[in-house]
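As written, the chains take the letters A, B, C and D, and residue 1 is the first residue of each chain.
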């Protein structure tokens, strides 16, 4: 062939071309991430400025009463209004808010209830509990659920698997708090096997010593167990049906005809392919899981973000609420971004293509 | 001009970032007299896209289609009704062309209702039954059933009964037999031939299967990567193909005769396309597979022109 | 290329029957099928969709899964070391070794036969390694096999979605011949491909037969494909073999009314130019859940006599000729 | 209705519904008081007795009566939210799937956004600003957050349905877009729409109870979640009136079970993938 564009050209440019789909995917995904983040920030801003009952005005009153001021109340109110920038035009407030978010970063000002502690510091105190319990539970549930679901899908014709599926479905439709209550009642109150109602032994002081860590771990069994049980049941059901549909694919019949061992077929042909939607699903479920985690914190009295949010809501501590709102959106969005960015590692079709 | 269908410089580009030219400057005309035109090409040659454009299911990015000298994009409601009454289709997949929630009967009742073909319940029932019989189906076997209760061949014949009911002037049959068994194919093709002879219905028969096109006769248009490479009378083109692609295509039909086997092994470059697809379309697109390739083939696009052999025959190749 | 001297078959299917177990009844998908494939032979198996030919292919590999069930018969293959094994009886580990090493399967030429998330290299070598090759041997063998089917070694590092349909099919053929098995089973290997690619793939199968002397069982619904490359042909209708013979015999003088109709229903230019119409098959295609009694073809047969609806015909060789046999009461 | 899941789920749900509707009547017949929900009829959190089988609540009401009234309210919240969420979701999903192009892209990004962001904190913020905590308001509020799931499934369904050749055939019958939507697409979508209503209802009932547990809500709307949350807060599990938690929890779980059974049954009945054909080989 004598023309200039030979088909099997191995230049740097053509190799770069092959990765264009990947670049486009990553770019798209990141763009959507930034857009969603901006939208959530704006939503939070709008919410707290336009909510019925005028929360900002309410918070000024809140601060006044905190300070116990009666004499000179007007001046104090003016002082706070000035300090919070409420006297400025709305679009300036918005721009300042965005600036604080980006360059702060995430500067939400002071907590009203614990004035003048900055909101970020308050969140920082509660964060480790949520992060520790929630992250552990999400990851454990995903791994367990995917593995068990894969096995149940593989043994799709066995009687054991069909009973296991019935049980899993039952767990899956039980609301997380109902399950928590049942486990609490049974394992803690009736049987007394596990402690409950507090994050660690009442006599202990937080420290990095083993007895304390052990106490935290023992107390974490019930809440983590509950979350893992409920969330993994969803993953089990999803993975099982993915496996069943992959097992019906042509390439699986072909793999069997090649005389591959069942283990190889399970690992390399069925599991790997069923895993893709399962990974993608993780990105979406993160947000819902956080909802569940908040409720679990209240039931098990864990001083995490859910508890902080409930307290802040009860006391109308709007700055803290706003901080928590933005923070949870940010966590979940970033989590799902990471999951989505990891997708090409599992799926070569996103990675590159000559089409 | 007394043409039934005029297709002029049709073009269709898909995609926004990476584009695919599915149809590239396709023109042809079908006469008023009942006739059969075969549109032949492999998958990806743009033949289904052309069918969808002619049926008004898709807007082309270039060119236009005239039916009875009126653009099919016409906004006139009355004209659109007439157009749909006169131009009908049989699609490839005899399964998904049925809405699974309805009984088969509905496929036959709807056109009667929409095109006001009958005046009474009784009349429409008689029409449906006679149409079913015309395509070799017993009404009792299909009426009152759900599509999944019928076989593929039965379902495709119900589609023909629908055509018989509407009695259009032109049928677009898009790969209509590719999912029907060998034995059912002939029955289907015979119905198309009957339609032309008895009901004066023309057919644009779209296929990748040259042997069925040969059976139908009439005219043929050979497509390659969205372009017409050869056109003419089916008999003439299949007997004496000029374009190297048409020649390759005709030689590759597996002749159902063990005494007429393929003589030589097909050179590899003629069989398969390379991994990297060229985006340069200002040349002959068949060049890399062509046994007669010349310098000119890489540089300029060959135009479709009259073949030297006879004036019903057209070819787009630098050899002629 | 017909063999007049009787040989020992490399693959012998004996009285194989497969049913699908439904909730209320069982469907007879394959009934008492006997077939023998010789060395260096391409045996074509032809029939309409739903006649049980794919079920037969899966059954002869010993891979029928519920709700399907083999209810009788044997599938004997003569292995490399000249022993004879019944695929349906051997223990699972040996069964897996026999597949691909002694009897290899070539799927339909569509993308979906290959695992979309694994490179071609992985999909070829994993099987070779499980059949006893070392890692570097397996890679060498995969390269060699690709070369046999005229593919560039660069294909190894590609994913299936990066290949054309014809290339995917060549990869499947390369895999099937990599252990040089005595028997290849190709199930509709060219249905998804255009005619030009179909031709090149079929010719590849012929040259494989010439190079390695493999026996190939070619399953297709296309009589043209059969006429081009098969040596012998078996016609299947509603789960039974109704006629078998050399390709020349069957095309020159088909015996079974069904075979005659199949051959006469091939669209071509010949009939049309003389103004004749071909005649399609009347009646309804068979339903495996409700086979008619006696000869299963009799409701669609214009020559049916009373006996046809009462008694299933057995095989006879009416011409006394070697090889061509038919199951029909007319003979 | 040959599907056992559909039948059992449907009958059981009907039973639960009748029980919920009859709740107030039962409550009235059980008590001698004029108003079974009379405040301070008992001391708050009085332990279980013959008269009050699951004790009293924090306002001194008969907790059983609160439960009997609460079923109706919880189902009502679910119903309102289910309808609102489904209407919104079907609308968004339909427009996205049927119109396609840029409209689709924008709506899809929007849907995904709402799908990913955690809704509970947002709900908490919104609900504390609600002055009147009544059934309609809460139902509407929760419905506003349950549409993304509906939109997603409906979009996928509409998209796949509108690509089917039978829609092309309808166009050849000279049917307009409205006829195509009503006659060709909606019938195939009905099971999914019902699926969405019940899915959104379940989600809303879950979220409402969750909000109550998080301490947001008021005695104005004494739903099952409210009863549970207050009892749990008062240490019901250790304090001998665990029934105040278990009874509402049991009722909610049973409702979810029924709706899930119905959904599974519908899926089996209408999903063509799971149907066998006459010529199945």
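Annotations for the structure displayed:
The rule is simple: a residue touches a chain if its C-beta (ideal position, glycine included) is under 8 Å from a C-beta of that chain, and two chains touch if they have at least 3 such contacts.
Just so we're clear, the structure is a prediction, and the values are computed from it rather than from any experiment.
Common neighbours of subunit A and subunit B, listed by label, are C, D.
Think of each touching pair as a link: the shortest run of links from subunit B to subunit D has 1 of them.
Put simply, the C-alpha centre of subunit A and that of subunit D have 23 angstrom between them.
Averaging C-alpha coordinates per chain places the centre of subunit B 32 Å away from that of subunit C.
One finds 54 Å separating the Cα centroids of subunit C and subunit D. With centres defined as mean CA coordinates, subunit C is found 53 Å away from subunit A. Touching of two or more other chains is recorded for residues 8, 354-355 of subunit A. Along subunit C, residues 162, 285 each make contact with two or more other chains.
In subunit B, the residues that reach two or more other chains under the touch definition are 151, 275.
For subunit A in complex with subunit D, the touching residues are 32, 35-36, 39-40, 43, 47-48, 51-53, 55, 169-170, 173-175, 177-178, 181-182, 184-185, 188-189, 283-284, 286-288, 290-291, 294-295, 298-299, 306, 309-310, 313-314, 316, 321, 324-325, 328-329, 332-333, 336.
Of all the residues in subunit A, the ones that touch subunit C in their complex are 8, 157, 249-251, 253-261, 264, 268-269, 272-273, 276, 346-349, 352-355. Every residue of subunit D that touches subunit B in the complex is listed here, in rising order: 164-166, 168-175, 184, 187-188, 272, 275, 277-279. The touching residues of subunit D, counted against subunit A in their complex, run 109, 112-113, 115-122, 124-126, 128-131, 206-207, 209-210, 213-216, 228, 232, 237-238, 242, 245-246, 249, 252-253, 256-257, 260. Those residues of subunit B lying in contact with subunit D across their complex are 52, 55-57, 80-81, 84-85, 88-89, 91-93, 96-102, 107, 110-111, 114-115, 148-151.
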